[in-house]
Amino acid sequence: AQPLVMGFSQVGAESEWRTANTASIKDAAKKDGITLKFADAQQKQENQVKALRSFIAQKVDVIAFSPVVESGWDTVLREARAAKIPVILTDRAVSVSDPSLYVTFIGSDFVEEGRKAGRWLLDFAKKAPNAELNIVELQGTVGSAPAIDRKKGFEEIIASNPKLKLSRSQSGDFTRAKGKEVMEAFLKAKDKKIDVLYAHNDDMAIGAIQAIEEAGLKPGKDIIIISIDGVKGAFEAMVAGKLNVTVECNPLLGPQLMQLARDVVAGKPVARRITTTEGVFPAEVAAKELPNRRY
Amino acid sequence: MHAALPTSPSSPAAGTPMLSTRFSQGLMGHPLLRPLAALALLLLIDLCFIPGFFRLEIKDSHLYGSVIDILNRAAPLMLAALGMTLVIATRGIDVSVGAVVAISGTLAALLVSSHASLALALAAGMGAALLCGTWNGALVAGLGLQPIIATLILMVAGRGLAQLLTDGQIITVYDPPFFYLGGGYLLGLPVALFVVTAMFSLTAWLMRKTALGLFIQAVGINPVASRLAGIRTAALIFFVYVFCSACAGLAGLLIASNIKSADANNAGLLLELDAILAVTLGGGSLAGGKFSLAGSFIGALIIQTLTYTIYALGVPPEVNMVVKASVVFVVCLSQSAEFKQLWRRLGSR
Amino acid sequence: MTPSQAHPGQPQTNTPVLALSGIHKSFPGVKALSNVSLRLFPGEVHTLMGQNGAGKSTLIKVLTGLYTPDAGHMMLDGQAISPHSTEDAQHLGISTVYQEVNLCPNLSVAENIFIGRYPRHSAGLLGKFGPIAWARMQAQARRLLADMDIHIDVKAPLSSYSLSIQQMVAIARALNISAKVLILDEPTSSLDEAAVQLLFRVLRQLRGQGMAILFVTHFLEQTYAISDRITVMRNGETEGEYPCAELNRLALVNKMVGAPDHVTTGRAATATAAETTASPLAITPPHHAGRPQAAPFLQAQGLGRAAALQGIDLSIRRGEVLGLCGLLGSGRTETARLLFGADVADSGSIAVKGTVQSFKSPRDAIAAGIGFCSEDRKHEGAVLALSVRENIILALQARSGMARALPMQRQRALAEDFVQRLGIKTPDIDTPIGLLSGGNQQKALLARWLATDPQLLILDEPTRGIDVRAKEEIMDYVTALSHTSEGQGMAILFISSELPEVLHCSDRLMVLRDRKAGGEFGRGELDERRLLEVIAGASA
Amino acid sequence: MPTLLKSLHRLSTAPAFTAWVALALMLLLFATGAASYAGFASVQVMLNLLIDNAFLLVIAVGMSLVILSGGIDLSVGSVLALSTMVAAWLLQTAHWPPQAVMVAVLLMGALFGAAQGALIHFFKLQPFIVTLAGMFLARGLCYLISINSITIDEPMFVALSQTQLSVFGGFVSPGAVIAVLVLVAGVWLAHWTAFGRAVYAIGGNEQSALMMGLPVGRTKVLIYAFSGVCAALAGLLFSFYMLSGYGLHAQGTELDAIAAVVIGGTMLSGGYGYVAGALSGVLTLGLIQTLIAFDGSLSSWWTKIFIGGLLFVFCVVQRLLSRSTTAAAA
């Protein structure tokens, strides 16, 4: 029989996480004997729409994509449905008027990630119930879905403890350089001692760690650092005692996605929402986990 | 020709500022005055609203404080602006600066992390940057492509090349000597600052001791007349693109060394826009011919101080852009002779 | 400074259509106009005269709204006016040709004539907003230019034509605007005799229709040929207003330079003051020709370039001035450009001192000891935003290489020297050249090439826009450079549309016709009338 | 045959030659795609080019005029984003009627552009800097409205988004039709109106244009206002297309638009080129992306390298062809 053809539109290659995600999907497709049409949207929704349209024109068997942003997918998804091509969402959800426009969504829940980070901090704060903790936040790119959701989830949880105060929040654009730069500025502002840093991704946390060290402080001790993603670099930092915890956001969706695609094309019923297994990795388990990290 | 317009005898309005700088030779008329004033104003805001902004401490036997941070951070931008200044002076533009930063930084960091000697790594980074410059120069000066499109090619492809080197990964470097360039200190000051000063002095020296500055200006203002006067216009234009890439390459090394990693995805992203902004804030004209190395440096400092101020003041990130835009508008308007006239007229009423 | 009240030569009506009084205009550091007045009557041609930098162009720019005067009144038809732009001035009925050609090189010839006043398809309702009627516009443009004896493709971009054609287009544009007042600032500086006569014919016609014409020129001949009255300016002030018939050439020149009356101040004045002498040619050479036996410095054979020049032969020795004559578009400029490597020849060869060279760029020619002062000072000469000093040393610096900047002292000394020698009127040598008057820019550009001390200097209309007195001095100076010791002076290729000047300076004359060689003549072989015939091709 | 040769020669010396080369190269690119990928040579793929790039085309038309006048407008991408945001906010939060929203958005674009034009003209500021600051400002204003994306579910917008007008056996969106109309209007404006010719004159030599008595100031302000309107209209098309307002929409679109205009044969230094060239430029960029999507084997970085490479080949061939023919013609 003809091999299954899948069109996949990726957001871009802006971070390690994303690259790992791409690699996983490509590998899995190869292993599964699925022909993968891969298109990189370079962070632009319009490019993704273009890619989807050309997948439709090519009459692929199934379309999968990681939406750049939640809204704005109605029209093109309708075209896909008209062409009878099932659509699978990965990594991020979309908001459409008619939920039947996509078959299923597999991926992480950014709000939940923020909550997990918040919960870890709540637990941590219990060790010294009376101390006020002054938190600074390094946000992702302003307006991007992970930045908005991770902030939302985190704030939702820490609101329950009045001792936890978010004093500063600034965008570090998800990059090391910006994370470092912003952290430098935070550290110089001597109005309040910084106790906790919450970074929306590991890259910014790693940049901030450098800034903290250069300020003569001990990251992970003088300042507690929480971040999200769980890339290899974060585990190395944890092993070195410079990072306290990272919330995993699993990019290795490939195998699951391929299986799902086969099921969908074969007409098997699938769940509407498939969450990937994602853990929270505090520094204590880092050494044990590090060898298992693939990216 | 276009660039010549501002001072053409038939240009009533624009002729005046040029002359006024010449005749009121005092401090008031100096072309660097306005960018300096803008910088001073920003620093004044910092002084008033950010406690301890100017405080310097000694930490680990080097200076430590906000001002040092700004200088350190501005270093790559200053370098990029330095190269961009010359390109813009010839009426060109180079939008590939960010990509060149990514290429040189990535290559050097990659080599260091795979245990090549530091010298080799740095040389390779610079070599790659020079190659990029040669490419740009050949397209603009050799083929006569329009600068923006010629450099756009490298802007798009260059970052791809850099990512190809790393497979899109951010590769962390664990080799302390490599950190010295972008993060080390010499005589208590950041090494990056010395790099920038050296580069600036070299360029300023070239401008003063050789006829380079004169030729660049002439070519920027009137390329036809320059060619007829016997200036090697093509060679000159080629040179400025190579020089610009070299500066960008050096900036790339500083950045890679500072963040201790090869980040092909994001290093130097949009640096070209900031560099162009720095040049214009410093009084350089995109129509060619008018440039000031020191002005561009001040422009870079304005940008970095502004960024830092936004962070330190705790401006919410969603407002950043509006603040930045407003400051740029204000600085530009303050440099406009026409605006000053209007102001005066309103004042005298 | 009080203009005489009524003149016999003055037109019937006694109310000026345009009256300026007490105009002041200063630029930082320069007082360009002080208390200037000017009256323009309907149906007259009024010439504005004055030395380079006297303030003529500035006055015109004030009058047409490009500059705002510091003080003074302007009345048009008895109404006070204060135009803020050329647009305003045009609406008021003032049509202007400014000194440098100010047209758009990218637009077609036809469009340059009609832009702003397009003929429209009268698509009923749209009226003034109807689409532009391109074909009609082109036909009209063709007709307009044909009236001026110019037959070119009006659809081609303006930049594909030589400066003089562009100048004619600019004039055609101004004439085509129906106006009360027509202002022409040195329109004839790059026109040949025939074109000038054509222009004058049109001007007379317009004068007959009651238009007031303000005309600026440095040619005394032309002044006397066309004007009814003359206003003389000196150092930014009005020296006086005179009926043309009452002021002889000598007196005029004296008033311009500020010498007492009846002082003989130059060839132009003297030569032409002797108006009774029948032949204007009787100019005796003040020097001897270069030694004929000397080997040629440069020899061109069959030099040509498709569609621009058909194989010409030319040779020039050191110590001699070779004049190159021809009509507009006869190929003089192209010859110069090929010799200088500004354009690359596609046939023929050039030999310098006997060795064949191929010039790929001006650099090659400069290295071989050649200099070239272009006719188009705005586009090919001046680097407007650079200072006078930098403009003067530019070619010298380029030749001595980039590596070592000329020491500042040397630069200043050179520049000061030329400013003094050529009488460049500038506040100082660090003034941007763009702020100088047209004639003074021209002098500075000449200085650029003199500074390189070339072995062969090609001068294409070098005295364009230079005033009467300075012109003589400069040409004498230049020819002297050529005629120094024993034929070791410069070789000079001298191109000019001004025949008396060419006749006076050249040791040998070469005529171009239709982009082909049209004969060569020794000194004294031709008088002006004969030369005109040869140029026009009425059998050589 | 000789007449053919002659007309070929005339074509090659015509000022529009570069634009023709662009068109020819684009067709070549299309042929390459058709030969290499199944399903590429279909009517719908071609129409999709138009549908997907409608907003870019509209922006490029405005940008063409700006560039022809010797200026540049970097704010268009952000103004587009701001327009989607304002439209979404007015529809979803303020519940304005859709027609009023459209008018308001276009007006906002015009005002934004005119303000930039006024700064450029009256204060002699450089277009690059003014519009760069404008770009920051418009983007920043988006975030002031909301950092989230706002979904639009207003029926008229939804209808406009999902209507398919069938042509040539395929379909196009209303947005694509509007874009083509804008292109036609732009061509008409540039070549048959006094305003358009003044744009060319200013691009050729601003000082001369002034001295020829053209209304330079008014024209310049209008040019940027027109570009602003185009950007706002593109924003509306974009909100039909995406049914959302979002501050991160259309990042970097200004560069795409500039590239499209330049590829279409317009000189960035002003004065030379054709508005119609914008179409071939936009379609070329679109084709490159379609090629990549059809290929489907390029990684993220190879995508970038490939785009750069194609741009390079395209520009160099265009340049060499134009240069050799102008040399031959001279």
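Letters A, B, C and D mark the chains as written, and numbering starts fresh at 1 in each.
Note that in this section contacts are C-beta pairs under 8 Å (C-beta built on N, C-alpha and C of every residue); 3 or more make two chains touch, one makes a residue touch a chain.
Note that this is a predicted model, so its numbers are computed, not measured.
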Counting C-beta pairs in contact for A-B and for C-D, the higher total belongs to A-B
With centres defined as the mean C-alpha position, give me the chain A-chain B separation in Å. 34
For chain C and chain D, let me know how many angstrom lie between their CA-based centres, rounded off. 44
Starting from the mean Cα coordinates of chain B and chain D, work out the distance between those two points in Å. 29
Chain A-chain C separation of Cα centroids, rounded to whole Å: 72
Interface hub residues of chain C, defined as touching at least two other chains: 66, 98, 102
What positions in chain A touch 2 or more of the other chains? 13, 19, 22, 142-143
Could you say which residues in chain D touch two or more other chains, in rising order? 143, 147, 205, 207, 211, 299-301, 303-304
Which of the chains are touching one another, listed as pairs? A-B, A-D, B-C, B-D, C-D
What does chain B use to touch chain D in their complex? 2, 5, 8, 10-11, 13-14, 91, 95, 139, 143-150, 152-164, 168, 273, 276-277, 280-281, 285-287, 318-326, 328-329, 332-333, 336-339
Of chain B, residues touching chain C in the complex: 1, 3-12, 15-16, 18-20, 22-24, 208-212, 214-215, 217-218, 221-222, 224-232, 289-290
List the residues on chain C that touch chain B in their complex, please. 27-29, 57, 61, 66-68, 98-100, 102, 340, 342, 361-363, 366, 372, 374, 378-386, 390, 394-395, 397-399, 401-406, 430-432, 434-438, 441, 448
Per the contact definition, I'd like the list of chain A residues that touch chain B in the complex. 13-16, 18-19, 22, 139, 142-143, 168-171, 173-177, 180-182, 184-186, 188-191, 203, 206-207, 210, 214-216, 233, 236, 295
Which of the residues in chain A end up touching chain D in this complex? 7, 10, 12-13, 19, 22, 26, 36-40, 42-47, 49-51, 53-55, 57-59, 68-72, 74-75, 78, 95, 97, 141-144, 148
